[in-house]
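Below are structures written as structure tokens.
Two complexes follow with subunit A in common, the first pairing it with subunit B and the second with subunit C.
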Partner chain A sequence: MENKLSREEVLHVARLARIQISDEKTLEKYQYQLKKLLDEIDKIKEVKNYDEDFLIAPVDHEAKPTKDETQEEITFQDVKKNAPHTKGNFIEVPVMIHE
Partner chain B sequence: MDYKTTVGIEIHCELKTNTKMFSHGTNGYGNTANSNITAIDLGYPGTLPILNRGAILLALRAALVLNCEINQQMYFDRKNYFYPDLPKGYQITQARTPIGIHGYVEIEVDGKPKKIGIHDIHIEEDTAKSAHSATSSLLDFNRAGVPLIEIVTEPDMNSPYEAMAYVEKLRELLLYADISDCKMEEGSMRCDVNVSVSKTEKLGTRTEIKNIGSISAIGLAIEKEVEHQIVVYEQGGTIQEETRRFDEKAQKTILMRVKETGNDYRYFPEPDIPMLVLTNEEIESVKKEIPVLPNERRKKYHEKGVSEINSNKLIQNRDLSDFLLTAPEELNLVLASNILLGDTLAYLNKNRKKITNTKLSMKKLTDVVKRLEEGSLTSKILKEIFNDLLETDLSIDEVIKNHGITQVNDTDSLNQVVKKVLLENQASVDDYHAGKERALKYLMGQIMKETKGGANPVLVNKLLIEELTK
Partner chain C sequence: MSNYLDLSILELNTLLKEGKVTPLMLVEEAFRRIEKDPEINAFITLNKEEAIKEAKALEGMEVDNVLFGIPVAVKDNILTKDLRTTCASHILDNFIPIYDATVVSKLKEKHLIIIGKTNMDEFAMGSTSRTSYFGAPKNPWNKTKITGGSSGGSAASVASRMVPLALGTDTGGSIRQPASYCGLVGMKPTYGRVSRYGLVAFGSSLDAIGPMSRNVYENALLLNVIEGQDDHDLTSSYHEIEDYTRFIGQDIKGMKVALPNYFMSDVVSPSIKEKIEETVSLLQKLGVTVERVDIDYIENAVTLYQIIAMGEASSNLARFDGVRYGHSVDDAKEVEELYLRTREEGFGDEVKRRIMVGSYLLSGENAKVYYDKAMQIRDDMKKSFEKCFEKYDFIIGPTTCTTAYDLAQDTDDPMRSFLDDVLVIPVNMAGLPGLNLPIGFSREHMPIGLHIIGKAFDEARMYQFASFLEKELNLKLDPKGEE
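Coming up: the complex of A and B.
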């Protein structure tokens, strides 16, 4: 088995993460690193008596939905402290390229 | 062979809850930007989602209204994508265990019922709302986390008309069941349409048209997209899976992007929300809370002889239709709906009121209808006194009196009118003697007309029968 991902696979993942890869050397490094990560995750398949339900909800209690009531709202003043840029009551971000 | 059109529709509807799906932030359309937010909505580190019981029950109600099988054991999934309107980096949705599956909505095509299959209905959260300028994008997180249901049909529609009929029917159902306010113009109902054409039984490659702004635009967008695809095929080209949008001004669909595929979203179970279980008791109690739905109302109107036009108008005017739910069984719905959809609706529209904010009680309406039936009230007088019936607590008799319409109680002068009317309406007299009860009402009406509505109906009735049986 190949010990690295293809260039296209790495570029695809980068596109999904909206990451631009600066040069060929970095790209090649990611080809190996990502493959190593995936191999690690694939080890799950080796577990015997694989119980999918357990992976879905590793706790055995059921969800306890709560009342449809407003609580714990925060003000925009609080939010501003964590937002690098704001405009009026909005959080401002670099222009989004596509919808 | 002609091309066969196939359409499937995905609709997102915001649920009419007080708060958001996974937080206690207010669900408030139109409030000041970023005033209804919690740390959860902003995806701050260390926060965990809660589950809004109100939203789950509304989604369950929707699944029941759409005739779905209910998934009584559900979990949520993360749909991962990177975008500023989604600060967590994923949307919480239901990919593998949607709350409802295998449902249907019935529409009418060429006078025959057709079932449009519902593949599934699932719960998810809305994203923040963004506005774009040339230099930056502005985000309002009030919408982030608002509860949504996504309703996905089977590819069961074969024309723009069927698609529009489906959306209209679905909208009507969700409105009547109080699930969503379904305002396409405010984005609380959003519609994506999948369209393909094919000359064979095998479905063609589909394109998706996103965020169509109105029901009529859905019809137009499908029509234009079908034309576009046929032109491409006829010129020997191929259609690829892509997302398009409908430009209403240009009257055509325009390419937005080639679709990300399902795998790109890297769905996996949301580990922060335990398994959600719906009990039989919960399902039964939600079933009981569903208001009377349009089809049932239409059936009743039909049975009571209300015209299809009036029947549809009543359904469109929910509060009038609700008002009629309290009608006594014997009420003449034909007359009642004429009054409600005529003078009442005109009054309500003019004064921007709801019927529940007027003084027109069911008792008053029943009384008016009864008098119209008896002939002791004419529609002319009704028109004259109508505003007072809606605006005051006075009884019909009191209102009539206030309008200076005095009751004629003078037996002699009434007798003369009765005789005159009988002479002029020999045909009705004959009908009455032939056993036609309606003739009496007609004659009564003529007498009321003659006395400009002023005659005492009880006395007229007595005199009329006396004269007829002489």
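Coming up: the complex of A and C.
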């Protein structure tokens, strides 16, 4: 079995993760490293389970609804302090939809 | 030159009450120690100006609790209002939180003084703290060695006696493993015991915040402060508030302890196994029954962790997109390009690998093949722990397979960071509490730790057990050797 993923496979996974890989050397390194990780993960298929029960999170209580009340905890001025690109009372982003 | 920070917290509390020491003296001493040894690289951001201001404000106030005026360090993935929080990542290296994490509010209510934000693996992903964008911290016992991780800076800050207490976080061993490598007590509390509100999420169903300290008693004191239900975290437990020190000092004779065979298998180095055997003999002498057991599924923990932690991480870290906060490229023409390039520039290799694998595991049919299966095995693992706890009070074993290794050791193997945590990950899977207690040293004089696993919400009894053993062992645990 090949000990690396193809270039296309890595680029596909990177695309799913919204990460660009512009450097060829890095891409090549990931071909081997991701393959090694995925081979390890594949071992889960061999493990036999006791039953079909799931554990999503080890929480010991029922979820309780919170009160549906609005509170002014954070203002836009607060949020704006960390936003990289702002214009007036808006956070600015590049074009999302073309005509 | 004062050396107050070598004293115990109870001694400091007495001196503070008598007015012989002020919070300002403690804060100044902490910064003096940090500045004297910058090579340790325990901190990413220091809170000097604010800490001094806070210490001055405490002067003349009544010393109303045992941690009043005590300096504390906070891991840099826990939000601190107006104090930079980077997660040791380039993508957040200019991020100033606009609110405090619940644990930080609790520290402030009790008038502990935050000295700074500690170094760590980027987004807590790693076992050595070498994935930090700000360079790795160094082990105070030997500066050529790793501190472990991901709470490596918190461990280094306490081990080198810069601060008496620190907060760490633990998703797959990140409090207990560096505590073991640096000769400290580190507690990962039961999942839900401590609010995660304001902790930058990595693996939400695994993450826990917990105390790191020089000894068991002081660890319990800090858990007393940070525990409790929080409406801001729906997974935080409604379990009763407790005093975790209340059993400390009581005898452990008659207790029953399980030692899983896997924890003494070939994955663990002979010198560590030897130390565990010695500790078992000591426990038996103290009237504790120790029996070898098998616990199903613990040997599958790494695979399980990779699926669950990477899956959750890929989803949690989707928020870092260059739009609302953090690093952002300036000249993107389209929003997709903004995401792709910001994340390429902002994240380091380990984080990228984990997000990529996580995205793959959760995509399409894979979610069924891998994620659903992992959650079934996770449930089975929890049941097998519960079965063991029907007969035993605690489960013990080594915390780590080796002692802290060389900083220069190979970083290219993507499996290494998982294998370092093979003994501590099962605890996160089952949501159980786990504690590291130093039990001795290797031939190179690097610390070795005992891992104590308790039943859910049984931290107080774990502290009783650990403290009794700590007293019997009576180790010298200051790397400066001045204690």
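Rule of thumb we're sticking to: the second predicted complex is superposed on the first by the 73 of 99 C-alpha atoms of A that agree within 3 Å, B and C clash if a C-alpha of one lies under 4 Å from a C-alpha of the other, contacts with A are read in each partner's own complex, and residues count from 1 in each chain.
One rule holds for everything that comes next: contacts are C-beta pairs under 8 Å (C-beta built on N, C-alpha and C of every residue); 3 or more make two chains touch, one makes a residue touch a chain.
Note that the coordinates shown come from a computational prediction; the quantities given were computed from them, not determined experimentally.
Engineer: So, A:Leu38: does it touch subunit B (first), subunit C (second), both, or neither?
Structural biologist: Once the two structures are laid over each other on A, A:Leu38 reaches subunit C alone.
Engineer: In the overlaid three-chain picture, which partner chain does A:Met96 touch, first (subunit B) or second (subunit C), both, or neither?
Structural biologist: both
Engineer: Looking only at subunit A, is it subunit B or subunit C that touches more of its residues?
Structural biologist: C
Engineer: Who does A:Val47 touch here: subunit B (first), subunit C (second), both, or neither?
Structural biologist: second
Engineer: For A:His61, select first, second, both or neither according to whether it touches subunit B, subunit C, the two together, or no partner.
Structural biologist: Both partners, subunit B and subunit C.
Engineer: Quick check on the superposed pair: does A:Lys81 touch subunit B, subunit C, both, or neither? Answer first, second, both or neither.
Structural biologist: After superposition on chain A, A:Lys81 lies in contact with subunit C alone.
Engineer: Does subunit B (first) or subunit C (second) touch A:Glu73, or do both, or does neither?
Structural biologist: both
Engineer: Give me the intersection of subunit A's contacts with subunit B and its contacts with subunit C, in residue numbers.
Structural biologist: On subunit A, the residues that contact subunit B in one structure and subunit C in the other are 16-18, 55-59, 61, 63-64, 66, 73-74, 79, 82, 85, 91, 93-96.
Engineer: State the interface residues of subunit A toward subunit C in the complex, per the touch definition above.
Structural biologist: Residues in contact with subunit C: 10, 13-14, 16-22, 26, 29-30, 33-34, 36-38, 40-41, 43-45, 47, 49-61, 63-64, 66, 73-74, 78-79, 81-85, 91, 93-96.
Engineer: Using the touch definition from the top, list the residues of subunit A that touch subunit B in their complex.
Structural biologist: Interface residues on the subunit A side: 16-18, 55-59, 61-76, 79, 82, 85, 87-96, 98-99.
Engineer: Can you name the residues of subunit C that touch subunit A in the complex?
Structural biologist: Against subunit A, subunit C makes touches at 94-96, 98-99, 191-192, 204-205, 231, 234-235, 237-239, 296-297, 300, 302-304, 306-307, 314, 318, 321-328, 332-335, 337-341, 343-344, 347, 349, 352-353, 355-361, 363, 369-370, 372-380, 382-383, 412-415, 418, 430-432, 456-457.
Engineer: Could you please specify the touching residues of subunit B with respect to subunit A in the complex?
Structural biologist: Result: residues 17-19, 23-26, 32-39, 42, 44, 50-56, 75, 81-84, 130-141, 210, 256-257, 260, 264, 269, 271, 273-277 of subunit B touch subunit A.
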